[in-house]
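Heads up, the next two complexes both have subunit A, just with different partners, subunit B and then subunit C.
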Partner chain A sequence: MSTYLSQVWVIVWKDLVLEMRSRERIAAMGAFAVLAGVLFNFSIDTTTTRPQDVASGLIWMTLIFGGLLGVGRTFHLEAQDGALQGVLMSPAPKDAVFLAKTAANFVLLYVVSLLVLGVFGLFFGLDLGPNLGWVVVVLGLGALGFVALGTLFAAVSTGTNMGETLLPVLVFPLLVPMVIYGVGTTTRLINGRPFDEVEGNVRMLGAFALAAVAAGAVLFRYVVED
Partner chain B sequence: MSTAGMRRGGTTLTLLGLLGLIALYWMAFFWVPTEVNQGVVQRIFYIHVPAAWTSFLAIGFAALASGMYLWLRDERLDRAALCAVEGGLIFATLVLTTGPLWGKIAWGTYWTWEPRLTLTLLLWFIFIGYFMVRNATEDPEKGKRFAAVVAIVGAIDIPFIHLSVVWFRSLHPEPVVARPDGPTLPGDMLVTLLFGVLVFTVLFFGLFLFRYAVEGLRAEADLRARSAA
Partner chain C sequence: MTDEVSPSADTLGLEKIDRDEIDHSNGVVLQAEGLRRDYGSVVAVDGVDLTMEEGEFLTIFGPNGAGKSSLLGMLGGGMRPTAGTVRVRGQALSFSEHDWQHRIGMLSHRGFLYGRLTVEENLRFYGTLFGLRDLDERVPARLARVGLAERARFEVRQLSHGMRQRLSLARALLHDPDVVLLDEPYTGLDPSAAGVLRSVLGELRDGRRTVVMVTHNLREGLAMATRLAVQVSGRFAWEGSNQGLGREEFERHYHDVVEGRV
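Let's look at the complex of A and B:
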């Protein structure tokens, strides 16, 4: 067990160090998120719509589009010079590789989603009050489900000749539960409703994330085998 | 089963299915009484619901065959999954055309984000994704594995999508057959519906066997072409 965890950790650490040095994906995702917030601001006519009413939907859509940007490139760097083969041939089992890739993506996306929350909160004048903690948890659960599916299908789309353009076609239909529960929960929390009202949704979001991680861990080996 | 046996089975089942379809149309149009509230338009129900049942049967079947394929690596299992997805795509398209036709009259709009309609639309997109992945690889073996993963994840996701879209909104008539307190549908209508489900299932497997035999022949032809070259 401890060797398994240390194998996972080594790959997570490698990916995060790479990202810290190149800042390639986090910069793209972060810039995308902030700029999307600016554009969304102009896409709302404040004389007809209250920004608070639509903010949570925009936060989640930004998360998904920004997430695709970063997650789609999970295997990009390694696929270029065949380094992925090295990772796959290491003694770490394939599911450990998947969990590590998912964990590293999760860290990236979670940082970006907190940035999105902060930026959109500022731009749209959101007052989260006591629900802030729960919104942060809900975003985390959503991000986990997203990166699990995203990482699995990033491996698939990297292996095709359509590349990243295939990723949204495969992932968007599957993400519907995450969007519905995520947006539903966040909208209510932003509007100051008590947590009890959305507890069931948060559980479903957690169940979705767990199922996505488990399915990815089992199926990843069939995607990357040669 | 040999390819010839497969073709015989496919022919028999398809013919049975087509004959059943004629009977089903007769029942739906002439035999079954008109529903009081909705009127004649309700008769599309006997096509719509069996088609929906068949498309969900198809994704389940495809996911099962795909899982077995990843495990046993038998080409026949992959072919079975492919043929099931093709059949599922056709029946899901049928659901997505009959649903809005009925909806325009009953709800006054062609499309609404009604849970079961939404679920079928997403299932349709999952089927499309299956074909896109399959055809987007240079190495066909890779395409088969990728497509299998799409089918399996799709089937796992279906219950989640179902729960979430139900929570999101519900306009669709409530289930009238699969209810904890027994069916509420009057006898004649229930008989017609169940007959419809039977006919569509038989037709699905008939078409499935046909397609499966064709895929088998194609694989054989490929093999011969390669050994001749």
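Let's look at the complex of A and C:
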């Protein structure tokens, strides 16, 4: 394995091991997902509204708000005992650090997104049928784009006095394209429309995710340099 | 430290360094020129020049707020100077390059450790970041050297402050750096932990490494150093070689320097 990949891998490993031992972020995101699903279930009048028409919007909002709970604390892992400075003073390229932090966040958020899908599927009685696989892919692309932007701006907000409260202000405006394509695509898939109909949207989601990852990898060093 | 009024540096026999007379033929390892660091309107480091050769051990003393940690941060490449440059073996520290980090090891007053990783995992993590290939041999050897071999499987949060400080030292030296930067390494250590630290730091005086230590501990600082500096208000108010100075002599001189009498 090249040194670069080893550096990326060891940071991913470290973040996931720390999360497995503390369960701080996954517990907060998971609890939020379940509670949001329960509350949204009671907030919809199913005699006037078809659950499958509103479910995708609620799924994506739950994913984004729940994701903020976890992604916002990305660098709190590092803040203790100044470990981020230790990482940044190592020869690991800054883009490797960003890609690793993004990958670790993606794993966590993707697990949560599957939980969200399960919770909403249960409470809203969604029958995804043959489109289940594509919904899982679409949520994965959304999660990737979100964590890329979230990780970058979490680094920004961690270094400010406003901390995590600044994160949604910075991230939400940039998520608009992802929400438009993600919600539209998921709604059609939940309603049993064929994949051909949403293929263009899925490509746009993929392009958004890749652009967010690339932009984050380039910009991260300017954010973390003291 | 005492507040006793003392004679001047000359009467104490302290040899003040004349920069123009320094012979750098042995090879400059660490060089800083015009280093300055501002925090808004506060100037923490104000135009420090420093040239160090292989094997030199510089101890920097100074009152709180003198800018010692900021200077060390810039020398280690972890903090961007407002002005000035740092070179290690002629290579300028640049945030876009990823080579000079191999040459620098830093023990900060923060340990750079992960509390929920084990002692061994912390060293393996940093070793991988530094691209070290022999971690199976290197990590146990370094842990044994700092007396933590039996704690290898302990999570760092379970360690005492002194043990964490020793682990931080093992982390800082894991990649065999040419330049070692130590920020208050003796703070909060009991005599036993200080003894281990002293022993390891003594090994750094092997003629191969260049060491810069910031400390308030006069006894330890004088024992290790080949060169001394007193930093006041962001500048080196005094620099000199350490030629068998007694602690009390230097302490008096230190007060003179800090209070502007020299």
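List of remarks:
Throughout what follows, the second predicted complex is superposed on the first by the 224 of 226 C-alpha atoms of A that agree within 3 Å, B and C clash if a C-alpha of one lies under 4 Å from a C-alpha of the other, contacts with A are read in each partner's own complex, and residues count from 1 in each chain.
We take it that a contact is a pair of C-beta atoms (placed from the backbone, for glycine too) under 8 Å apart; a residue touches a chain by one contact, two chains touch by 3 or more.
This one's a predicted model, so the numbers in the text were calculated from it and none came from an experiment.
After overlaying the two complexes on the shared chain, residue contacts for A:L166 are found with subunit B alone; subunit C is out of touch.
In the superposed pair of complexes, A:E225 makes contact with subunit B and with subunit C alike. In the superposed model, A:A92 lies in contact with subunit C only, and not with subunit B.
By the touch criterion stated above, A:R21 is placed in contact with subunit C alone, subunit B being left untouched. Within the superposed three-chain model, A:G57 lies out of touch with both subunit B and subunit C [touch as defined at top]. By the touch criterion stated above, A:S6 is placed in contact with subunit C alone, subunit B being left untouched. Judged by the touch definition given at the top, the superposed model places A:A83 against subunit C, while subunit B stays out of reach.
Touching of subunit A by both subunit B and subunit C, each in its own complex, is seen for residues 225.
The residues of subunit A lying in touch with subunit C in their complex are 3, 6-7, 10-11, 14, 17-18, 21-22, 77, 80-83, 85-94, 221, 225-226.
Contact residues of subunit A toward subunit B in the complex are 149, 152, 156, 159-162, 166, 169-170, 172-174, 176-177, 180-181, 184, 201, 204, 207-208, 211, 215, 219, 222-223, 225. Interface of subunit C with subunit A (complex): residues 73, 76-80, 95-96, 98-99, 101-102, 104, 106, 108, 110-117, 121, 124-126, 128-131, 155, 171. Contact residues of subunit B toward subunit A in the complex are 70, 118, 122, 125-126, 128-129, 132-133, 136-138, 142-143, 145-146, 148-150, 152-154, 156-157, 160-161, 163-165, 167-168.
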